[in-house]
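You will see two complexes here that share subunit A, one where it goes with subunit B and one where it goes with subunit C.
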Partner chain A sequence: MPFKRYVEIGRIALVNYGKDYGKLVVIVDVIDQNRALVDSPDMVRGQMNFKRLTLTDIKIDIKRVPNKKTLIAAMEAADVKNKWENSSWGRKLIVQKKRASLNDFDRFKIMLAKIKKAGVVRQELAKLKKETA
Partner chain B sequence: MSYKFHQFQVVGRALPTESDEHPKIYRMKLWATNEVRAKSKFWYYLRKLKKVKKSNGQMLAINEIFEKNPTTIKNYGIWLRYQSRTGYHNMYKEYRDTTLNGSIEQMYTEMASRHRVRHHCIQVIKTATIPAKLCKRESTKQFHNSKIKFPLVFKKVRPPTRKLKTTYKASRPNLFV
Partner chain C sequence: MTYRSSRFLPFPPPFESAEQEDHCQYSEGRRPMAPKDRKPHVSRNPDLIRGVGKYSRSKMYHKRGLWAIKAKNGGAFPKHEKKAVAAAPAEKPPKFYPADDVKKPLVNKRKARPTKLRASITPGTVLIILAGRFKGKRVVFLKQLTSGLLLVTGPFKINGVPLRRVNQAYVIATSTKVDISGVNVEKFDDKYFGKKVEKKKKKGEGEFFEAEKEEKNTLPQDKKDDQKTVDAALIASIEAVPDLKSYLGARFSLKAGMKPHELVF
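Let's turn to the complex of A and B:
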């Protein structure tokens, strides 16, 4: 099974440990075997250990260590935000975040919605059963 | 990023006497964990170079030196003198890092691991930022590639905070990327 996600300049990674947990960052240069220089529109460019990063499928087209303006322009051009939010991984994270931030009223609304959805599914199932019977 | 070793600029001179009204002022840049240690190191080195001790000298200034561009990667060359079990040796080491303090810290930890040299047996002679063409070590030169690309072969999945760490896990981890 060959590798599909490489550490390269322009690779988007998700931070999975530490202060910047959950952020999407761009690998802007490689310091050495364990560390990368990493940048993001809302943080100062800094170094990060590869152990804290999970590589994604998204890659943008930048040169080594671009300045902030070029980086933001390249991220817009590659439409990183939308690509991430429409990917299955990105959507899962959004749903997880939403579920963690629910209050009791939201949970009540969800309960009603689930009951309604189950009712509709059961009706359709009953119809199909009647047709085949 | 907090570094254990800070870089200080220490300036001192001998105390003025009747024979020498304006003694020469000496400045050193050295690495220490704190200011007190930096001052002590300064007198240690100065004693070896000039006939002056802390008791007949005075400290004029001590300032911490911070990295000018901590967001760019540089290749640092460090010349050092260290004491091994059998004698003193000189060494030249290269490191790739964003700050000089980071590379000094890398040097100390590497000397400790590779040569079992503790930090008080190491004297930093000189440090320099080396342009990529003049790097001598293959291990730094292999990262001088603007189209560098490699996969992360072994991915250990960690819980995102140490609080969520457990001794026992229900299933074996998946280490592929």
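Let's turn to the complex of A and C:
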């Protein structure tokens, strides 16, 4: 089982600990064995320990430590935002966020919708059972 | 003694004649300030750091213009005569001294303030009642009464909660709001909900048991009518929102996996 996601310049990673938890960042340089220089359109470029990062599949084409303008342009070119939001990992995170922000009324409406859906499914199942029986 | 040039005066010099006052283009700002008009004066001596002012004592003396006040008064600071103090009436020595020292109660300067209403609770908010007969019921908030309690209604037809008072502490405020503009809650106050004072009956043994049975449980008709009028407008605005009626009819409960400190209400 070889590795598929490597730490390289341009690798997009997800921050999994700390002040910027949940953000997507670009690895812009490697400082030493443990730390990377990391940048993102909405944060000041800074160092981060690799343990705080989880690598993703997405990679963009940049040179070592680009300036902010170039970085943003490269991210647009590679369409990072859409790729992330359409990936199953990205979609999962969006759903988790949505669930956490649900109102009490929203949870009630979801409960009604689930019951309705289950009712429809059960009806179809009953129909199919009747046909085969 | 002459004034120094008016550039250095702390306040504009007074007019010497009525004509001067009329001709002066700034006289509008010069009318004698009534006690109500005065703006609170900011300190003339700004702090360099806390406890240390920018100007020395002599500089401050000059800035306050005490020299000008003295000059106006002919070299000495103007003095008032002391108000004559009326001679206190002669007190007789008391006839009776208590044997032990009498304790005075401690001074209590606390003022009762109206209960602060949580910012999340506004008229029309759906509240979840947490204790009492109606625990778990979702209920519409109408207004805060003067005692601090919250006036709340089911509406009665939807979940059986009548017009009722509830304590803010036993309530979760959700972020769901109902439109309450058609409802008039002016007439409800704490007296409306107080216990009715019963007339004292004379104790006659035979009457005693019969009298008790009569007084139970009849809610006066005017209270029922109040409930109906309040609820009529409310139910109309509730039915405008889909699912809101069944939401208010259902009770809230914690299910598996729900963490109250992580739930958004």
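The criterion applied here is as follows: the second predicted complex is superposed on the first by the 133 of 133 C-alpha atoms of A that agree within 3 Å, B and C clash if a C-alpha of one lies under 4 Å from a C-alpha of the other, contacts with A are read in each partner's own complex, and residues count from 1 in each chain.
FYI, a residue touches a chain if its C-beta (ideal position, glycine included) is under 8 Å from a C-beta of that chain, and two chains touch if they have at least 3 such contacts.
Everything numeric here is computed off the predicted structure, so don't read it as measured data.
Taking subunit A as the reference, the larger set of touched residues comes from B, when subunit B and subunit C are compared. By the touch criterion defined above, A:Lys23 lies against neither subunit B nor subunit C after alignment on the C-alpha atoms of chain A. Once the two complexes are laid over each other on the shared chain, residue contacts for A:Lys109 go to subunit C alone; subunit B is not touched. By the touch criterion stated above, A:Lys83 is placed in contact with neither subunit B nor subunit C. In the superposed pair of complexes, A:Ala100 makes contact with subunit C only, with no contact to subunit B. Counting contacts as defined above, no subunit A residue meets subunit B in one complex and subunit C in the other. Within the complex formed with subunit A, the subunit C residues making contact are 126, 128, 138, 174-176, 243-244, 246-247, 250, 252, 262-265. Only residues 1, 3, 5-9, 16-17, 21, 29-32, 37, 44-47, 50-51, 54-55, 63-65 of subunit A touch subunit B when the two sit together in their complex. Residue ranges on subunit A touching subunit C, taken from their complex, read 100-105, 108-109, 112. Subunit B meets subunit A in the complex at residues 1, 70-73, 96-98, 139-140, 143, 146-153, 155-156, 158, 160-161, 176-177.
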